[in-house]
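We call the chains A, B, C and D, going by the order they appear; numbering starts again at 1 in every chain.
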Amino acid sequence: MGEEVLFWVMSPFAVLGALGLVFARKAVHGALSLAVTMITLAVFYIAQEAPFLGVVQVVVYTGAIMMLFLFVIMLVGVESSDSRVETIRGQRGSAALAVLGVVLLLTTVTVRATLPDEPTGMAQATPDGNVAGIADLIFGTYVWAFEVVAALLITAAVGAMTLTHRERIFHRPSQRDQAIRRFREGRPEDAAGLPVPGVYARHNAVDTPALLPDGTPSEASINRVLVARGAARSSEEFSHRPTPGDIEAGTSETLSSAEGADQPEGETDEPAAAAPELGGDDDATGGERA
Amino acid sequence: MTFPWLTTLIALPALGALLTALVPSGRGTLAKQVAIGAALVTLVVGALISLQYLFDIDMGVEAETYEWIPEFGASWALDVDGISLALIALTVLATPIVALAMWREAEDETRDPKAFFALLLSVEALTLTAFASRDLLLFYIVFEAMLIPLYFMIGMYGGPQRRYAAVKFLLYNLVGGLLMLAAVIGLYVQSVDAGAPSFFVPDLVALDIDTDTQRWLFLGFMIAFAIKAPLWPFHTWLPDAAAEATPSNAAFLSGVVDKVGTYGMIALVLPLFPDASREFAPAIVVLAVVSIIYGALLAIGQTDMKRLIGYTSISHFGFIVLGIFALTGEAASGATLYMVNHGLSTIALFVIVGFMIARRGSRQVGDFGGVQKPAPKLAGVFLFAGLSGLALPPLSTFLSEFLVISGTFLRYRPAAIVATLGIVLAALYILWLYQRTMTGPVRPDVEGMADLRTREAVVVAPLFALILLVGFFPKPLVDVIDEAVEPTIVEVDVERPEPLAPVAEPVEEGTGR
Amino acid sequence: MTSTFTTLATAVAAEAEHGGGQAAVEATGVFSLTWLLIAFPLLGAAVLLLGGRRTDKVGHLIGCGASIASFVMGVVLFAAMLGEGATERAFTVQLWEYFNAGGYQVDVSLLLDQLSMAFVLLITGVGSLIHVYSIGYMEHDERRRRFFGYLNLFVAAMLLLVLASDYLIMFIGWEGVGLASYLLIGFWQHKPSAAVAAKKAFVVNRVGDMGMVLAISSMLAVFGSSAFEVVFASADGASTGWVTAIGLFLLLGACGKSAQFPLQSWLLDAMEGPTPVSALIHAATMVTAGVYLIVRSAAIYDLAPDARTAVVVVGAITLLMGAIIGCAKDDIKKALAGSTMSQIGYMTLAAGLGPAGYAFAIFHLLTHGFFKANLFLGAGSVMHGMHDEVSMRRYGGLRIMMPVTFVTFAMGYLAIIGIPPFAGYFSKDKIIEAAFADNWIVGICTLLGAGITAFYMTRLMLMTFFGNRRWQQSEPPHESPSVMTVPLIILAVLSVVGGFGLLYLGADIVDWLAPVTGEEHHDLPMPLALLITITLVTVLAGVAVAWATYGRRTVRADVPAGNALTVAARNDLYGDAFNEAVFMRPGQYLTRSLVYIENRGVDGAVVGTATAVGGLSTRLRRWQTGFVRSYAVTMLGGVGVVVLAMLLVRLP
Amino acid sequence: MSPTPYLVLSVILFSIGAAGVLTRRNALVAFMCVELMLNAGNLAFVTFARMHGNLDGQMVAFFVMVVAAAEVVVGLAIIVTIFRTRRSASVDDASLLKL
């Protein structure tokens, strides 16, 4: 009796998790909702007398594979949010058709199939426990499959390695080379190297932009992932605000050169307004494309 | 173990092809000499073999069967009877002649001529195997393998549209080949059902297959052979191939290689499927007559010389098929003799036209005119070849054409009457061609045309000698053919229509039937 | 006086003896050398044609030598044959077995009997004379050696034709003669008109040969063999339908070769060839092959009455057509060709009359051979004198310039129109008699023909040798050299003596041929003397009319516009136009449309399927978008279909 | 309890996964939907294992998980390489593999 209750309680979570995966705008939210579904499934495994699988589901599947997913999402597609607009003509229609067809088909099959009300249960099949039973099978009848799968995993690992390994086909510029290049080719103003995040006077946090000699915050000093994620602190609060002393000095200056005054003034305000809006610049992944 | 005559006959050209291919690419003339040497040696062996059959001198030539694929019952079975001997003799003779005629042609090609000669010898080896093979699987394999070297010969050397012609030739014949493959397998299945699975033709002939499967197998074989020996609806590849290939290649193609199709009809289709052949005979006779008239009429309408001769061979093949499916003794032996004669006269015609084209540089009939003045010997030779083409009596082609018509007359009278129209059309297209190119006022650009060179005379002389010889003394050849054709016709057990008038006893009526 | 002769002939006639009665016996002694007759000219031809430049100088002598040798051999055989009994003069010479295919066996063997002996003498005799003549005629032609080669080839083929003892071997000679006539008509190949005429002659002959091939095939179907003795022996066994069919096929062959009614268009164009050719081939020998064929197949025609009537009808029509055309032609050779056509019409008509007419047909054939060759050679020497001027409108008054030619020509002229002492009278008169004996209408036709012949021959004589001189070229015409006039004289003598010589002196032609062709006499509807006078009156009337129109009035140099009949006659009674309209144009149209159908239809179908497959594949290609997700949809659809299929199979 | 609800749930999850693969353009999301479909499959296997009282169902589920792991490893490696070369992980960008 408890099992039905458990099922009817947990199954909505699974379905919602699945829907969340499909309809989440950002990949990270999708991944998390998938994790929810997987955990509910783990619970169902355990409810269905497959405790070993439930644990493996949680440990291996959700724990390892989903985390790998999250890792790659972080690495690659954190800011790629899909737009709702469908680019391939007739894709949505045919997709709906196909999915509906399959769903109807499978549900009619399962509904019409005459299944026993009470499952025979695993007691008889696993005299000395689920894990021992599975171990007998794996290392008994299915040992050959087990070996092959082992080989498969190894090849997969080696495969992933070779795929992502990038052969340095060009000489990796050492720091000395970069310095030389910066002076020879780079702009004079950043010849001294890019500013490091943080304003030492008061902040050395990684999400605070460094100030250039002329007081403007430097974009290049913040990790673009933080910018993408919107965690970077806006820069105007650090831009050089005229202290009272400056104001007097400033006003005395304005008296002397009317037009010159607003120049520095404008200059200090203007960068603040131009602080980079959130959203990718050169590395926007998956920005919506018309 | 007596000397394996037939296998050596086949091995020689194959070896020749290999040797020619191995000659270092710079040495064109050496390659040609090796090729022609190999062809001549094959000719000698072929002549020795035919001695045994034509003049009954025992050279120890007999059937050879070696195990090949025991599970299938397929064996390397070679044997020679009247029909295949005639065609082997034709092939063995034609190759050196064509090779010699090709001497000049391969010259002006940018490519190395040795490939062309090697391919020619390989085609000869395959054709000889086809004619001598007594095993259906071997026949089929060789039947298909022949297409590849021919495809390259047409595709690599020849006129501007040679690739189109080569592809068309290949596809056409491959389709036929596949149908035939189905039929070969069907036949094999029949032999498996009957207990002893085998591809040996005599065993397959012994099977009695019920009529409607016979019908399907007959169709499978017949369509493939109808494409190979161009019969009316399946003929469109020949004019293109003949027009685009180099003249000697076209000569070899239509003179010798296409005979495998008609050989297949008479040596395989008739004995293997007697009932179906009897049933389909009227339909095929109609097709044959159509292709006689159709080929002749189109030949009259052509402006390109080689294409014209291509159509004439379609008309001649129509006669051959008519002879085979008239199912009478005279017609069948006439058809077989026709294969040999047509081979000789078409090769002569193509080769001579090749000389003319080489001299003038154009294939159009309009570009010639009055060649008779600057090159009288060339005109005389062209006239002789043309006359053998239109089957003038003292020449050999007449006898075979007459036998076909009189044999067909015994059974299908209207078909024979319409076929006789063919001899008038033949006169038209040959003489009109002769008149437009040779007679009349000499065109300025034909003025300096060189007369027949000695090499060219050497190429043409044996052909003419044979045409005259078979024309005047056909007896040995006809006896050999007749003796081989009789059992096939009896096999189809169609009784020969008796003469309608009781013959008065003064002359005992020929060999009793 | 003449009537007594004819009555004597009829009296001695045996009762209607069936033709072919005499059995051919294996040749022994000199007869076994009959094949030499053919061998000499064949060898001559081979030497001349293959000889090349070296034999140029002596070419014509070899040619004449071969022909004369063959003639001498013929005379020797003739003398030997005279020695034999009247009914044992048929000898067969077995050379070699040609072939034996499926029960149809043919031997290359020769049959020498009275009929073929007559022909051999005619061919070799007249042939040799023409060879000698053409030495002079072709003197300035640089391809003379080749000309003599072709002439020898012709004589060899013609001899094979008349000596063969099997229809198939005869057919070989038949086509050989066709080839020789093609080569000789088109001898001056640089003239396009000669080449066209040669091709036309060969093709029309080929149409006739179609008839021959079908005839031999039906003999094979009916008798199982095409040898003379088998066919003649078992002829009465076959159904009349078959025998008539064979007769008609043979008639078609004869018409092709002898330029009879349906296939006569080529003879007038054949005049393009050199004159000796016209004389030998298109007057004396080849064109008579058709008559020989009908006479030789007497056994068949005797059993096929309606085939015989067809022969008579064809003969009559050609007779009249030839005569009418002869009247309107201004070209001397074409006029003579028209007369040849009509004379052969006479012979065919006679042959069609059955046993009664066979002998007279051959008799007329022989005499015609003499005087027509004489006329043609005469015309040749006139043209030679007039520097190859052909139209009679340019002649006139040549009798003074060319006396010998004039005299010999006059002999031929008198012979052809049938003036009593000359050859033509006896042979043509006998045919008119036989015709009247057969039925009225045919008689009238022959009579009319004789009249018209007299008219056009007189017209020809007057325009050429008498009347005002209409020469155009500068120096006056000169008499031909002796090498040309000597044969003329011999032929003139023959055309004078030939008539009564063959009929009465020595071996009477009718008795000579009786064992081969049999003999039959019907009674004449009117007394013989009356008939002879009527014919003479019509002939003289014809001469008078011609004299009135051409003798008295001066002949105009330009071509006068004639009435409808003359215009029709000028273009051969629209024979050519008919062939053009019925065969040539539709033929060309059919060929062009077939070429179109071939390129579009049959070829189109094949290439069409190829392009169709190409089109299909481009459409399919668009279906492959490259997007992973559209492939995913297809996969899911596929899964659905597979599950559905498994369900349908499994669902109870 | 009767296995039907479990199977229906498995079908629903499978179809949602399929819908996700077909509609979402982001390679990673599509990939995760595939994982979802695999899990739906596993659920069905486990349900049937229990219904038949035989461990083989679970064995298959187990092997599915292992293979899924291998597949994820290679899949993600591919996505990373594509991203590195093309700077975009959208599935529709890599559409050159067509005739």
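Throughout what follows, a residue touches a chain if its C-beta (ideal position, glycine included) is under 8 Å from a C-beta of that chain, and two chains touch if they have at least 3 such contacts.
On a predicted model such as this, the values are computed, not experimentally measured, just so you know.
A count of C-beta contacts for the chain pairs A-D and C-D puts A-D on top.
Central chain (C-alpha centroid nearest the global protein C-alpha centroid): B. Put simply, the C-alpha centre of chain A and that of chain B have 77 angstrom between them. In terms of their C-alpha centroids, the spacing between chain A and chain D amounts to 19 Å.
Distance from the chain C centre to the chain D centre is 97 Å, each centre being the mean of its Cα atoms. Between chain B and chain C the centroid-to-centroid distance comes to 37 Å (mean Cα coordinates, whole Å). Taken residue by residue, chain A touches two or more other chains at 88, 91, 95, 98-99, 102, 106, whereas all remaining positions touch fewer. Within chain C, residues 625, 627, 629, 633, 636 each touch two or more of the remaining chains. Looking at chain D, one finds that residues 18, 22-23, 25, 92 touch two or more other chains. By the definition given earlier, chain contacts exist for A-C, A-D, B-C, C-D.
Residues of chain A touching chain D in their complex: 3-4, 7-8, 11, 14-15, 18-19, 21-22, 24, 27, 30-31, 34, 37-38, 41, 44-45, 48-50, 52-53, 56-57, 60-61, 64-65, 68-69, 72-73, 75-77, 80, 82, 86-88, 91-92, 95-96, 98-99, 102-103, 106-107, 110-111, 115-122, 124-126, 130, 133-134, 137-138, 142, 145, 149, 152-153, 155-157, 159-161, 163-164, 166, 283, 285-286, 289.
By the touch criterion given at the top, residues 625, 627, 629-630, 633, 636-637, 639-640, 643-644, 647 of chain C touch chain A in their complex.
Every residue of chain D that touches chain C in the complex is listed here, in rising order: 18, 21-23, 25, 30, 91-92, 94-99. Chain contact summary for the complex, chain B toward chain C: residues 168, 171-172, 233, 235-236, 294, 297-298, 300-302, 328-334, 337, 370, 372-373, 387, 392-394, 398-399, 402-403, 405-407, 409-410, 416-417, 420-421, 423-424, 427-428, 431-432, 434-435, 438-442, 473-475, 478-479, 481-482, 485-486, 489, 496-497, 499-504, 506-507, 509-511, 513.
Across the complex, chain C meets chain D through its residues 621, 624-629, 632-633, 636.
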